[in-house]
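The two complexes that follow have chain A in common; it is paired with chain B in the first and with chain C in the second.
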Partner chain A sequence: MSTTPTGTRRATIIDRISLPLKIVAGLVFAFLVAPSLVVIPMSFSDSREIMFPPRGFSWMLYREYFAGPEWVASTIESTVVATGATALSLAAGVPVAYALVRSRLFGMAIVRVFVMMPILVPTIVFALGLYIYFARLGISGSTLSLILGHAVHNVPFVVLVVIAGLRQVNPNIEVAAQVLGASVLRTFFSVVLPMIASSILAAGLFSFLISFDEVVIAWFLSSPRTMTLPIKMYSSIQWEVSAVLSAISTLLTLLSLVICVVGVALREKEA
Partner chain B sequence: MTAEPIVSIRNASVVYGKVAALQDATIDIAKGDFLTLLGPSGSGKTTLLNAIAGVVPLSTGQLLVEGVDMTAVPPNRRGFGMVFQNYALMPHLTVFENIAFPLRIRRVAGEQVHRKVMEALDLVRLTGLAERRPKQLSGGQQQRVALARAVVYEPKVILMDEPLGALDKQLREGLQGEIRHLHAMLGATVVYVTHDQEEALSMSTRIALISDARIREVGSPHDMYFRPRTAFTAGFVGTSNLMKGRYRGDAEGWSTVELAGGGLVRGVPRTDLVAGAEIMVMLRPEAIDLLGPGEPTSGLNLLEGEVTDHSLQGTTWRTVIAVDTETRIVVQRLSRVARSFPLRSRVQLCWRPDDTVILTQ
Partner chain C sequence: MSRTLTGPVPASTLWQAKRASPDYQKAWFSAPAILLIAAVFVIPLAIVLLQSLYREGFTLQGYEQILGSTLFWRILRTTLEITLEASLISLLLGYPVAYFISQLNRTQRAIAMIFVLLPFWTSILVKSFAFIVILGEQGIVKNLLRQLLSYELSGSMVFNRIGVMVGMVHFLIPFCVFPILNNLLAQPPELRRAALIMGASRRQVFFRVTFLLSIPAIVAAAAMTVVLSIGVFVTPALLGGRRDMMVANLIDYYTREALDWNMAAALSIMLLAVSGALIWVLSRVDNADRH
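So, the complex of A and B:
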């Protein structure tokens, strides 16, 4: 916070930016968000063709989405995959984050690089690797393979969010808990976890979101039986120009927005 | 029969790579002791405290608790309490649950938990704040919660790591009194870490002076102040004037020292020294009186010098006197009764032989 002890607020760099620069910044912002927002008015169109500006107003495209058995099936598939991947990435990521922040063991730097690998390696390479690996294991095309693939993919994101939360926690609290009589496990579960609960929740929400609209890995790992929603959307646009996509996109945008707002609010609360 | 020490540390060392954070520390802590580990930052005092707590493993040596070897026992099974500089309260728990935490781990029954926590809250004068969160309390209040949490289960020893370091001067003095009171009332055994020598003097029953990873000297606050054994102790505990000299021997119940700057003075006997030994003479600033030139003195040690600085400190006048080209002596006398001397005036410094402490390096 840029407040002095007496409470007067000092001018920040942002306060001193001139008006023309602010206008440029506004234009850049508009350029960035416009493509995401343009689908929203289109989703309320009463025509099956994609056009801009849209004509009329109706909920037709939304009805089409909720009434389409294939759309519902792929939405359920995405939900199952995102939920499973989130659970696994939290189970793996939270202890890893704790170790990375607290351990002074030799070799932690190497562990950090390995954990971040899914971010460092190009997604397409990572997806191909998973595809070959799961084929060897004989589980390619299954929901399980999607869950496992996304779980690995999401671990670094979980780790980064949880590390940020853990950095706010005074390590002496854990020392205190142990001197007061708590075992190592008890300290972790009844002291550390509650203190970073909101970070874990935020990490879980982001993990869910990442998995829910992930395309590249899902493209390699899904089969016609296990099509996730983004894959279904992507393949449907290849066969027909389907206006229902704008309705689905609007819903996805809404989901992302809600999750991001909740996630940011959680992290603010913790800080 | 002498009481068995509650904690005894034998030849303890903590080594990180090639750096020794603690070397060959041996000390006994008796039941009811208020032992302060005093030393400059980085001296190893916190390492020793952490080693007692069990959060830093000993590289070599032993830690006995009531005669039982606890060197390898993890911190949660040592039965100690601990208070930290930055409070280390659990932010997700209320004040009540923070204090109840050690009781819940020990599976104390619900009603008893309630009674004990409330007693502890009364003890630290926080009655009525049980349902607050730590963040809603001031620093001083948070530290009192931490104190309550450390005493509520009657641990064998309470370890305190610079508990008042984060508080401002006024609060610190208030809490010093409370900790001293708590110690006396509960008959608790406390090991207290600080770098503040005044705090160490005012609170402890014993002080262990630590520097460069070693315990240098152990003694009561009174001995550390009035009868330090080394120049390091004299310099670290309180203000001191040091003058080089040579020990001549003991006679008539006093020792005789020849000062390097010339002149003979009498001091506290040191039968352990041989005649001719190089020593330091230590004088506390308040032990010296100032007289005008030629005024009569009787049986006191005497030096002459010139006033080079003279200032009012409130309670005392602080006067600096050059007795030769190298030696400056600081004198502090009660401002309400002491005479004032102008700059550059000649004065006589006189002090009693038993205020003349002879130190080895």
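So, the complex of A and C:
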């Protein structure tokens, strides 16, 4: 996540870690990973009863998930929404990140605040606005409305990741391209984009995951026809607390783990 | 299209030159994002504002009704209580973790970060489900107490305030660790070494150098946790009881159950105002600290 120029030789005599600190940190780490570690063994249980530690071993709950038409449909819906939202948020977020890092125009400070607004406003307020707006436009409950809502929600995250990537790139390379006669547009597409490809990929993966797991906007915008996986899970937890949830949770944890490791590796590579 | 200008330039071409300047051209790259956010963020928020003032014509009824209802004040109190308590606990737990990670070498740090990043990227629903299992009647905590200490914990640990706080703190800790860790890693180690050489004890080095320098990051983390938790919707709905309803749940109730958009919108505007005020106060603290 972060690196410093003085990263290597920090562990000097001053910085010896005391035992109480180790204990506190260890307990908090245990607390942080506990939910992920609990759902995994439970997902292989051979009974529908929810208990820990689970009894027996079987793939029953996974079979139940893949054979449940509602679970499969909501997973497909979430995949479609997350893919669309990621494409849109990258299309909007990558260029604006470039403008924010490279243009010294006075108005850019305002643009920065403007594109960061979606993380400053509580999601519930934004979700209510979208709900009324899309109802007026007559597209409420559609997949398109979910894609639009999630795309805006994700723009600030894309911008932050891409800005960090752009800061690692030497601007003189772009100057060289322009001196050699490339237009600003051509420079962006043939010089800048290839140089920040791994940041864009990381931003895309994060955006996909944020949208795939997003609940509040989806809760307001989805209809029975466009129910996303988190919404299906939400109602399942609220009404029945079905054991299938542990299988789904394990799969989602795996997805998070993969995206988080790949994303971090991509950004490390660039740094 | 970069043009090199040499010698005196007539005013008419100066304007053209300005338009052709790379800064100006690059600013155009903001256009897609501005369009998207204007169309799908600014307009919806404006609609919420208008809706909060509209009920068959302009009215302040929505706001009056809210301010006059005891239910609202109770829920606002619950919301602020949960927000402030959860933020405080997360900072108290997040700081030592950030400090611990900052003392590790690069490889160890990468491994330790997985423990913070994995929960950060885990779906809130996975976490809520897991905490219902962990804290429930037949859950791990109660069973461990029964088997190891043969102690029967009276009272429930989930579907009440305890459940909400556990879920919220778990959700917020990573948001505290990131800014504080960045700050600690950016502090030049020479400062601490110098303090030590000048005869400060390790405790003094921490409290009078490291901690003081990390205050801006603590404030930033606090602002983040406050904004995140004040509008929280899922955690109180799934891990809380009826009395842990927060403002976001009330907005949901008016929108989808009572179908009173005017009330829902007025509540949203008030939530926005409260969270905006809290951010403003925290940013003042941050600025005051820097001068």
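Of note:
Quick note on the criterion: the second predicted complex is superposed on the first by the 257 of 271 C-alpha atoms of A that agree within 3 Å, B and C clash if a C-alpha of one lies under 4 Å from a C-alpha of the other, contacts with A are read in each partner's own complex, and residues count from 1 in each chain.
Basically, contacts are C-beta pairs under 8 Å (C-beta built on N, C-alpha and C of every residue); 3 or more make two chains touch, one makes a residue touch a chain.
Please read all numbers here as calculations on a predicted model, not as lab measurements.
One of chain B and chain C touches more residues of chain A, and that partner is C. When both complexes are overlaid on chain A, the residue A:P194 reaches chain B alone and has no touch with chain C.
Legend: residue contacts after superposition of the two complexes on their common chain; A:F114 is shown touching chain C, with no touch to chain B.
Of the two partner chains, neither chain B nor chain C is touched by A:V72.
After overlaying the two complexes on the shared chain, residue contacts for A:A177 are found with chain B alone; chain C is out of touch. Once the two complexes are laid over each other on the shared chain, residue contacts for A:F220 go to chain C alone; chain B is not touched.
The contact surfaces that chain B and chain C form on chain A in the two complexes overlap at residues 178-179, 183-184. Interface residues of chain C facing chain A in the complex, by the touch rule stated above, are 1-2, 22-37, 40-41, 43-45, 47-48, 51, 93-94, 96-97, 99-106, 110, 112-134, 136, 138-140, 143, 170, 173-174, 178, 181-182, 185-186, 188-189, 192-193, 196, 202, 205, 227, 230-231, 233-234, 237-238, 247-248, 251-252, 255, 261, 264-265, 268-269, 271-272, 275, 279.
By the touch criterion given at the top, residues 170, 172-173, 175-184, 186, 191, 194-195, 197 of chain A touch chain B in their complex.
Residues 1-4, 6-8, 10-12, 14-17, 21-22, 24-25, 28-29, 31-36, 38-39, 42, 50-52, 88, 91-93, 95-96, 98-100, 102-105, 107-108, 111, 114-115, 117-126, 128-133, 136, 148-149, 151-152, 155, 159, 178-179, 183-184, 188, 209, 213, 215-216, 219-220, 230, 233-234, 237-238, 241, 245-246, 249, 252-253, 256-257, 259-261, 264 of chain A are the ones touching chain C in the complex. Against chain A, the residues of chain B that register as touching in their complex are 53-55, 74-82, 84, 86, 88-92, 101-102, 105-106, 146, 149-150, 153, 159.
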